[in-house]
Every structure is written in C-alpha cells, then in structure tokens.
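In what comes next, subunit A is part of two complexes: it sits with subunit B in the first one and with subunit C in the second one.
Let's look at the complex of A and B:
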C-alpha cells in the first residue's frame, strides 16, 4: 500500500488532502503544455510534488495549487496587506508583515510623494499597503499607491482595533461574493473593516462595543460553514440586544 | 515464538497513538503527540529573519530547544536537540527561505519510554501545522532487542531499562503518487525503505540491527497512515487561530 499507483490523469488527487511528499503530477505525460504552479507545490525533475499539507486545487486550464491555512504569511506580488512600521531608514520604512523577512516601504511610494513631504510614521503605526516585489531571499517591497499611482485607500489606518487571524480566514473574508459573516454583521451594525491577506484585520466603528462584537464574530467564524456563520452571528446579536 | 510483555501487547504492537495540532495560540505551529503514556508537546516559531552566527545564510536554519519535564538541561538534552536538528534539516526544504531561522521547541510532558521518537513525530506534525515547506514527512519508531534476541517495538520505560540494546529509527513517510512505481525507485529501492536517522544504545550484532530495521519499516507504514488520516481530518475543520 506504500505507493498508490494512479495511472491516468492528475484529476485523481485534485480536491483531496495531500501530504508533503505526495507526487501529484507527472510531467512526462504532459509535454508541450504550460502548467502554472501555485503555493505548496514544487517541481522535482519530471514530477510535481507537494511541499505543504492541504487540499490540492486546480482551475482550468492548467493552474494547480495547495490550499492550506497557516499563521505566517508568504509574500506574493499584488497582495494587499496590513503591516506594522517598526523602523525608518533614510530611504525606506521597515514594515513587519508576518513573513520571513521585514519588508521595505520606500519613503516616496505615496501619492504625490516627494523628498519634501515624506510622511512620518511612529513605530507601531498600522499601514494598509500593497506588495510590489516579493523574491526569494530578498526583503519584499511595498507601496502605498495602486498600480496607477493613486492613493486608493492605502496608507496609515487611524483608530480602530487590529487583531490577527490565520491566512485562510483572511482569504475567506475577502472572497466574493461577500463572506456570510460580514454580510450578516453589516445588516445590523455599521463599521469599517480592512482585511490584510497576511492574516491581520482592522475594524473601526463609532462605539467600542460594535468593534468588539465584530471582532469576536470574525474570530469565531474560522471553522464554520456559511449557514453556521449566519446562525452564529444571529445568536451573538440577539444575546446582546 | 511470542514473548510476554507487561502490558499484554505482542512484539510488533504499538501503543495507542494520539495527535492534535494547532493547540497553542501564540505558536505559529504546534502539535502534541502521545504514544501510550509518553506525551510530547512541540511548538514551531518561524520562519523569522536572521540566522545564527555559524550557520550558512544561504539556507534556512532550524534551531531546536528541548525542555525536559524536570531537572536542569544537560548533555542528554543537548544530544536530543542535535539529533532532532539533523533529522528536521534533512526533511525540510532549506533553500526556500534563505537567511531565516525556524525555532522548534520540544516540551516533554511525560516520559514513559520511546521519548525521542515521540518527540520527532511531534516536531514533524508541528512543522506541518506551521506550513514549513518539506520534502516529505518523517515517522520515528523505537525498536529494542531483548536478552533472548527478540525485537520488540515501542517499549515502555520499564521495558527500555531491561533491554540489551535499542535503536531509534526514523523513516520517510509513505507517499501517494501518480507516477508508476518504477520511476520512484531510488537506487533500486522504494523511497520509504530509506532511513533518515538511526540512534542506537547498547550492543547488538549486525544481523540483529537489520532485523530491527525490517520491523521498524513495517511499523512505520502504520504510523504513516495514522499521520495521514490525522492530517485529513484536520484539513476539513481548521481550528481557531490567534
């Protein structure tokens, strides 16, 4: 039983839980095709094997990745994340993004940023930023503007409350259509929320009471299905009315 | 011929296994592994930037801290730390996050024999929980040789103390693959039949050692299955974070 012989298409492993070491794709049967590999998979000569435990997913025509939830973030280009400023140098701010290395935020990466109006961030400022460069072995680079140079809500977040979650939960909160928890909360309460793909969530509302309710509801919704989430939010709101 | 063991197990029978992951809130990955009464808690922090002084900055560095149940940290703990560090270095992919340190902290909750294999299993499960990239998993087992020449697996502390010699063996886990079996052979043998680590105490003959290896390999498939089922169960129901 050690090695399960699966002759045939790689569809046999898709949507199944895989463990590091499993070989999921045989490249020798797929010459002349381009395959895009996402997180959790690596190429080993002629085969693709799994690096992280999780569910193997694929999307047509040729993308494969392993979906798993963890607490540390792997920086990826074009992700929007919440970082905490830890230091400032002459050219960059050093920002902690819950990844393997500190990220650099250039002092000029702001809308209308020049050497004369460099923003001053205290240590501990929460920043909503976009990842511009993420290469292995180098510190990631961030920016407070979108691709066309506009500010677009990036920058420091004032007031409110920030809490940490797992990467899987923050992905779920950002999924479209809107996540059931946020919809159910939004029907009864008014708040603003910023979700970073690195597992940080910021919530702000008029009263601290609303902030606490929203934060608790989100933290409880990690392992619940959609209907369970709606029921949980309803119970929470009823019990505090 | 069967020999009698105190708790009524057969020669090749393992104690009941239990594993739970994501039990510590602050650690980036955590797992507790118990084999019978031996229980070990492992926590993983990282990867964090920076490596230690004498480590190669082009690779990720793994640091192990072993905390015994009681007493001061001495030579035995340092030896366990070194064995664990070398084992984990060989299963993790070190080139993915260069110049980072991943800390693995092992806390012994109860020691009732086969402590190092239990710790290796717990550390491996904790690394999976922290999503550290790995080539494959490791499963560890303790095989002892009795005075009469029989090999028994997974001894309790009392049995360990009366043994002539014992060996801690660590094997790679069994993998599922889409490739036909032939192309997965490494040097003519299946990958699971390789061995990652072997620590022996006492005196045993070469034949006895190979006998231990065979029994250990057979038992490692059971451990592999258990680990795989445990990971599947947890995937569908992730625990709360933070």
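Let's look at the complex of A and C:
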C-alpha cells in the first residue's frame, strides 16, 4: 500500500503539482474554519481530495482551487468567452463555445433588445459573450450584456483573426497586472485584442502583418516564464524589422 | 361463473342483447355484436342484483402486456431524465401504486412546477436529472409526452442524490441536504405525509 502524504495544513500543498486522489486536507483536524473550494477539489465526508491534475493554488483568506491547462472548456458562470454562431432558432441563437454542449444566446439578450430589432447573425459570426447559466446537463445560457444590462463591448467582432489556444494561456493573457507578452507587444505595435476564457483569442490591427506577428507571439508564449516571454517578443520584433 | 378463454382483437364475444361490453370489448353498432379489442382472457362478470339492466358484463383482461396507463388526474412517480431552460422531461415509472410495463414519457413545464410565482421558476433549482418526483398527470399532452404537474404541496421531488452521491434529506420545501458533506441543494420538495 502506498504511504499517504502527510496531511498537515493545506499550506504544505499549495503551489505544488497534485494529481487526482491526493488528499490535501483532513477536516476532522480543523474546527470552526470556513474553506471555499474551487474547481478541481471535492469534499469526501471529512477530507478534501483532488479531482483534476494541476497546481494547487490558494488565495487569502481561505480559497483553494486546482489550476490546470487543457484545451477543453467547461462553462462557468460569469466567464467572458468567444463563441461562434452556428444556428438561429425562434428564441435563441445556438453558439459553439468549445464546450460539451452548444450554448443558447437568447434573441433579446442585447442592450435595448426587443422583438422588433432582433440582430441577425450569419453562421460563423464570432461573438464576444458572457455566460449567464452553466448547469451540468443543461445547455449553457449566454448574454451580450453585462449584469446591469449595458452592452459593454459584448457582441459580434468584425474583421480581425481568431485563433485557438489552451485554457491556461487565455487565463494568463487575462491576468492582471498585464501579462508580459501583451505588454511587450503593446509597446511597439498597436492592435486590438479580445480574449475568451474558452481558449479563443481574436486580434485585429491595421495591417495583416501586425495581426500575424501578434498571433504568433501569443501562441509561442504558452510555456514561457515572464522574462522568457519578453525576450521572445524582442527577438521576434527584431528579426522582423 | 368465470371462463378463462384466450381471445384476440376482433373475436366475437357474444351478442349485445345478452351481454354488456366491459373493458377490452366493444359493441359493433351495425350488427349488435360484441367484439374483443384487446388480447387477453375473456371473463364474464355477473350483473349487480339491484341494477335495472340484468345483462352480465364481458371483459377482456389479465394478459401480461396490460400494465397500468397514466390517465389525466392520476398521481405518478417519475424519474427526471433531462432538465432544460423551460421544461423538464421525466420517465414515468409508476401509476398510483403499480409500476408501468412500458415506456411513458412526461414533461413538466415551467408554469406547472409550483403554484406561486410561476414565471420566476428556475428549472435547475427545482429538479436535477435522476431525481424521483411525484407528479399528477395534467393531460395526455402531445404525441411525445404526457403533461405532468408538481404544483401542490405533496407533489415534487421525493428522492434525490447529491453531487457527492448520497441520498439527500429534505429540510424545507425548497432545500435538501446531503448527509455526507452537509451541502444544501435546491429542489422543489414534496411534502410527504408521515404516519
């Protein structure tokens, strides 16, 4: 029988790689503490065990979750994602979001949307949307407005170029402070970018040359650290100049 | 006297002058003969002594393919198979106390989940796939499914499994709790009578 890892405080596992089956916390030793579990962790009576392979992360005061990068997207409420319109029905547009099921975008979920001014999206239109409902077994529901009903940049994206990345890379691109590769690119080039948490990135710029440079730089930065990213971008721009 | 003769649909059971048509039999008006409409055993039931019409009733029953069939107004137990934005699909398992012999599908619409605030119902906070619900049949519905309703106190989820895999305990008409993890999940819970 394998020796179980020492169950000390959860701090011993934070920022370490964990695999499914690892028990990271024994609740019977803690009294009166609230712990919030995020994705990848599950409560088995008195112990917290890992469900997904990745790095265990935590944030003060008491949130724990497992971070991993994969290509498949699992819809989550309040995520902003890039979807592709696939079909339109009487009440909804059907949108592909790289998840297990097609998502529904209600026809009225736009700022000032009424039955008289329903937008028409061709099949293949790229949409920047927000996930409103994401329950297991049901199709996710989307919206093109923010929580207060304003348009806030949601909606169709015209021109530009869309490419797919892993979920981890799109999370990194959206981290704050600004991720190094975007900051380095932004110092020399001017472009417009939309990042979806489902692994889709859209870039638009005045010339196709800039679009290609930005897309390649982002795709290269998948497994690089911050300094490596800056060096990579500098090399790329120098070799182009 | 009970005869147990196996008959098939279309067989002559007798004449309308001598017998009344019961379950599984019908009277053909053009020649006043009673024919069987189902497969089963032909039984003759003597008439009640105080009724005016003293003809015995002939009926066709008892074949093993005759399970109970949901009728409007009957209380059924169903298992939820799919939960969608405005409807939930369910597989009807029992009609009253008897289990059914064939597949019957039911649909619970958003407006039939409960009696109050029916336009604010969130289907996902009322049912999850796999829940057993007690419902009443509203109507025969369309070709695909019966229409069911849980809009009464004693109707709704009677048994559900939590995401940890344990049978949940109801704590109010909207909440059930998992005994293993203590997590509370929302359902439209049936008020089961405790004797």
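Just so we're on the same page, the second predicted complex is superposed on the first by the 237 of 241 C-alpha atoms of A that agree within 3 Å, B and C clash if a C-alpha of one lies under 4 Å from a C-alpha of the other, contacts with A are read in each partner's own complex, and residues count from 1 in each chain.
Just so we're on the same page, a contact is a pair of C-beta atoms (placed from the backbone, for glycine too) under 8 Å apart; a residue touches a chain by one contact, two chains touch by 3 or more.
Predicted model, so just to flag it, every value in this text is computed and none were measured.
Q: Count the residues of subunit A touched by subunit B and by subunit C, then name the partner with the higher count.
A: If we count touched residues of subunit A for both partners, the winner is B.
Q: State whether A:180 touches subunit B only (first), subunit C only (second), both chains, or neither.
A: It touches nothing on subunit B or subunit C.
Q: Have a look at where A:135 lands relative to subunit B and subunit C in the superposition and call it first, second, both or neither.
A: In the superposed model, A:135 contacts subunit C only, not subunit B.
Q: Scan A:164 for contacts with subunit B and subunit C and give back first, second, both or neither.
A: After superposing on A, A:164 lies in contact with subunit B but is clear of subunit C.
Q: Between subunit B and subunit C, whom does A:70 touch in the aligned arrangement: first, second, both, or neither?
A: In the superposition, A:70 contacts subunit B only.
Q: If you stack the two complexes on chain A, which partner ends up touching A:196: first (subunit B), second (subunit C), both, or neither?
A: Touch partners of A:196: none, neither subunit B nor subunit C.
Q: Please report the subunit A residues shared by its interface with subunit B and its interface with subunit C.
A: On subunit A, the overlap between the subunit B and subunit C contacts is residues 42, 137.
Q: Which stretch or stretches of subunit A touch subunit B in the complex?
A: Residues 1-8, 10, 12-13, 17-26, 40, 42, 46-47, 49, 51-55, 68-72, 100-102, 136-137, 163-166, 168-169, 199, 219-220, 222-223.
Q: Enumerate the contact residues on subunit B facing subunit A in the complex.
A: Contacts found on subunit B: 28-29, 46-49, 93, 96-100, 128-131, 133-137, 172-181, 183-184, 190, 192, 221, 227-228, 231-232, 235-242.
Q: In the complex formed with subunit A, which residues of subunit C make contact?
A: Of all residues in subunit C, those touching subunit A are 82-85, 123-124, 128-129, 164, 180-181, 183.
Q: Touching residues of subunit A toward subunit C in the complex: what are they?
A: Against subunit C, the touching part of subunit A is residues 42-45, 104, 133, 135, 137-139, 141.
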